[in-house]
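Consider the two complexes below, in which chain A is the common component and chain B and chain C are the respective partners.
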Partner chain A sequence: MTAAAVPAMKARRRSLYPGWFYAPAAAIYAVLFLAPTFASLYFSLTRWTLFDSVFIGFENFAQFFREPFLIQGLVNTVIYAVITSGLKVVLGMLLALMLTSQIVARGYLRSVIFFPVLVSTVGVGMTFTVLMHPTVGMINQGLATLGIQGPGWLVDPKLALFSVALVDVWKGVGLATVIYIAGLVAIPKDYYEAARIDGATSLQNFFYVTLPLSRPATATVITLSFIGGLRTFDLIWAMTKGGPGFASDTVASVIYKQYQAGFYGLSTAGNVVLFVLIAVLVVPLTMFLNRKQGHE
Partner chain B sequence: MKSRKSIIGGAAAIAATFVVFVIPFLFIILMAFKDRQQSALRDFSWPAGFHLWDNIVEVVKTRNWMMITAFINSSLITVVSVTLLIVFAAMVGFVLARRKTRFNGLIEFLILAGLMIPPAVVPTIWLLQGLKLFGTLHGMILIEVAYNLPFSIILYRAFIATIPRELDEAAVIDGARPLDVFFRVVLPLLWPVTVTNIVVQSVGIFNDFTNPLYYLPGNANATVQLTLYNFQSQFSTSYNLLFTNILLITIPPLIVFLFFNRQIVAGMTAGAVKG
Partner chain C sequence: MTKTRLFALMGTSVLGMMLTANAVNAQQSGYLSFLIDNGPQSVAVAEAWVAAYTEQNPDVTIDIEVRPGGGEGDNIVKTRLATGAMADVFFYNSGSLFQAINPVQNLLPVTNEAWQEGIQDSFKTVVSAGGEVYGTPFAPAMGGGIFYNKPIYEELGLEIPKSWDEFMANNEKIKAAGKVAVIQTYGESWTSQLFVLADFFNVLAAEPDFAEKFTTNEAKFATSPAAVKGFDRLQDVFEAGYLNADFGAATYPDGIRMVATGEGAHYPMLTFGIGAIAETQPDHLQDVGFFAQPGDSADSNGLTTWMPDSVYIAKTTASPDLAKDFVGFIGSPAGCDIRNEAVGATGPYMIAGCELPADVPPAVSDMLPYFQEGGQNAPALEFLSPIKGPALEQITVEVGSGIRPAAEGAALYDEDVRKQAQQLGLEGW
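Moving on to the complex of A and B:
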């Protein structure tokens, strides 16, 4: 490829930054990502067996919004994304503040908090399924020794989604912390000195210096974890399979269930719904976060 | 000299993180040492005997050595797709940061779209079947490359902007062609972001469960994440083997972590926040 392409480019124009550098990435991306995405817009309007498809208009979407458990999945997805990204922002910021201060054992703390990021999500999910067992699970046994009756983390329909979200935070907070550490380290020390001369308390320091100046980090953490939360599948699947009942189903797990059941058109419609949901929530959010950033 | 306050704070932090983060991992290790009966209790107790080796042997032998196949498959997918990702993403990031044309806006939009839009699963399967790539390792590799390109490109583009253009021009004066400039001058300078990319993408791809579940069905092509389901059944679960399996597949990410721990924060500073 290169031997033929380079002299050709040279003959035409001696560009240092040849356009064909885009080609390998563009080809893979266009064929395996863009093409299926556009195809999904059509196939979501069909009854589809992979071999042939019958155009049925918006029937899949109508069915999607008729089924109460599918609506529930949609609501769950939003709740899950809000909880996980909210907690990751707050905890990530607090942990990063702690780890950039003069605390002892910084290296140990940083490693310990970051390590779960690297471990398999399914492995983490299976481990916490055992730890969260209502009677023999270690979490409730630990609470029992303190005299607290622990709840049925994953078997209580009201609680299952929140329990999975907590495990998600446990696994992902290390990444948020690292991004915040990077953001905090980049704040020039002069601001803190100026604030100290003005007699600022440490609380004022945090709210008037640290918080506004770490906005780029906050934008990154929120965007990454919010999108991740909306698309979450593997942790839910490893821990509850959407259960009990449909209590912890998210759009992604619904898509998988419809796929497994052979409803390919409906599954693809679910994908389009998720796509629209992400666009509607994430685009205004990133615009808001980035506009504020420009004013600083 | 550390102040007394920071020592007390540190001690509290160590205790809290020990309970929250270390104990679950100790639990995994302890369970991997137990025999079947004792592991069935699922408690945080000391193993009655040393069964780790027996467990490992049994896990590896299960389903005709599926674990070995899975490790080979996962390693192949990870190494090849991360290599392709690094070369292709750096090429895009390089030209995108250096050459301003009217297409830049469109390209950046496509990159952001790739970060946000969930892949259309069933149409992709249909397409892969048409290309005869469904259920094959190279199909899986191309999928991982396609899905992870946007994030890698963003990391690279932000970093390339910090490398002076004069370097490229100096190389050209010395007689270098574009490919030489890229591979021999620019790419080596991108090493800090390349490390970040290696860490983030290799861990992500090695631990990927969803995509192999959809695009790589069948035991012959199993990846390590799928082996976790070998020891779970509706009626009885072999907890000792399940946790031994979790322990085994955590070793590669652990090695990556031990090697690159320090560079992770540096790379994040370079790419994620500025981008």
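Moving on to the complex of A and C:
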């Protein structure tokens, strides 16, 4: 290396920290994230039994898209993500409004709403499976005392996906509420005072002050719950295992079934598909939400 | 050679000498791990075997490890084998699933062990690969058919059906008497496959070469008139309204309870369910009988049979001689006696010299004639072909709950089977 080259390199790498400062983090990132990512990209192109693997090109992807239930699984996944994130936005906002107002036992109610977030998802799933049992479940027995014949929440193929989505909302709405509470509390009081001087009703207050100014919170809730909904697995698996039949299968449960059957290459290919699907849906959504925010 | 390796070598040779020395007076010493599934019966049997064996060999320690059953358990077994972390001795399926754990590479052959002479050849064929035998039966043989509630049969004066028409006629009478005729438990989807799988004796009766043609992609469920009947039967029973009201959510323990206590008359199931009845409904054990799934003709009535699960030795074991001795103990008449005492008798053993106690439950004595001279039985498809589609249980739930017609279900299963065959790299797919 010539003496002249050294200052040139120094000039290009003018950074607060020396390069080796990043090395430990980069090593951890490479070992824990990059290596598995590239390994799974490779294994998605093989027929893999865990004991040996044969390179078969894109056959796994072709097979995955031939999977009779993949299309239904894709549709179910998007329906599930839209329902859960939509309800979490609406309910989270309403609960946050209630919990930031001067109501009795506010602190207690806040913790009650947040409590389901802390409970294990599989535990929640098993509990609701028992509650939603068509004949001896507490929900339908409660309805029966009112003279209503309850539906088969988890065993009716038309209902199963929606029942699971409702439980997901029950479990996840606490987090949305907390994000909204933070957003609402951060709105300066001046806006409300100005609105009051202009004679705004509480509805006008909500639509013209609260809603626009809590947009960052809305963007966060939508992004988080939408991604969560797209890759949902644990709750569906605990409650219906994708059933009855294939009625509540999502992409993630289709992938898991391939893994269970010992089709490791195929399920890895499915994971690559899921990764691409989430990226394709969420990146434009985030860009859209953030652009709107910029206009305010 | 490094020092540690030298020590390790010395250690093994010393251990080897100790083992040969001990073999003279049949005393063993050392340590084994034993991996089983978490079913209450597996645990009870394994504990009884370990207790008896370590009583005879006080210098042996055997740790029982427990894994989940079903697909999760399969993955644990495969992962531990692939990473060389398998327990010394472990329990796993025989037949088509056994071929998927790459036995030649991962397991210790036991072909030439003395105790293998007592094991029936029909069992050896489902635990063999590359000309070597790898397994020893973990349990008695099973039949797939229909449990029935004897008090209901007596009350309504019903006969054991020999043909499907007779079976449906019985169901009609049971329904007319205001009772549940057929119990289904789709809350655990694996239980939904029985009407299809247990119909295989009838398929073979009509098409004796179905299994070979199925494996070579020449015969299909959807296009074989005999094979599609299993799916038809599932649909018939649903459409006639014979099922329990909560069939979509009920689970296997519910089914066992219902057929034992008379909440329902028929429950299609494998005979290993007798163990569960004995454990959870001991007062009703005498109330449950068993018959093979009836087919088209009363003249060719027979039972579809399942080979038991098996015990294997991992190739990575540090003490192969001790492991072989322990597995040989399990596969001996003494092992059967311990099993009978721990969980009761659930069917005929595949081991010479193993006797069933005189007071076997009626469901067991009902299945024995099918195994005896002049009785009729045939192995289930999964023991004649390496292919079993993984989505069958979801498809049978759909056909059995009226979500999808039988013909479509059969065609969908053929699609599922194609995927499995391709993954196994079979020819002709």
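The criterion applied here is as follows: the second predicted complex is superposed on the first by the 269 of 296 C-alpha atoms of A that agree within 3 Å, B and C clash if a C-alpha of one lies under 4 Å from a C-alpha of the other, contacts with A are read in each partner's own complex, and residues count from 1 in each chain.
The criterion applied here is as follows: contacts are C-beta pairs under 8 Å (C-beta built on N, C-alpha and C of every residue); 3 or more make two chains touch, one makes a residue touch a chain.
Not measured: the values here are computed from a predicted model.
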Which of chain B and chain C A:64 touches, first, second, both or neither: neither
First (chain B), second (chain C), both or neither touched by A:259: both
Touched partner set for A:111, first chain B, second chain C, both or neither: first
Partner chain(s) touched by A:133 [first = chain B, second = chain C, both, neither]: both
First, second, both or neither for A:247, with chain B first and chain C second: second
Chain B versus chain C as contact partner of A:154, first or second or both or neither: second
Touched partner set for A:226, first chain B, second chain C, both or neither: neither
Touched chain A residues, chain B compared with chain C: B
Which superposed partner A:50 touches (first chain B, second chain C, both, neither): both
Chain A residues contacted in one complex by chain B, in the other by chain C: 50, 133, 136, 259
Sites on chain A touched by chain C in the complex: 47, 49-51, 54, 63, 68, 133-136, 152, 154-157, 241-247, 257, 259-263, 266
Contact footprint of chain A on chain C as seen in their complex: 70-72, 74-75, 78-79, 81-82, 100, 102, 105-106, 186-187, 189, 245-246, 248-249, 390-391, 394-395, 397-398, 401, 403-404, 412, 415, 419-420, 422-423, 425
For the chain B and chain A complex, residues of the former touching the latter: 2-3, 6-7, 9-11, 13-14, 17-18, 20-25, 27-28, 41-44, 84, 87-89, 91-92, 94-95, 98-99, 107, 110, 114-129, 131, 142-143, 145-147, 149, 153, 168-169, 172, 177-179, 181-182, 203, 206-207, 209-210, 213-214, 224-225, 228, 232, 239, 242-243, 246, 249-250, 253-254, 256-257, 261, 264-265, 268-269, 272-275
Contact set on chain A toward chain B in their complex: 2, 6, 9-10, 15-19, 21-22, 24-26, 28-29, 31-37, 39-40, 43, 48, 50, 98, 101-105, 108-123, 126-128, 130-131, 133, 136-138, 141, 170, 178-179, 181-183, 185-186, 216-217, 220, 227, 231, 233-234, 237-238, 252, 255-256, 259, 264, 267-268, 271-272, 274-275, 278-279, 282-283
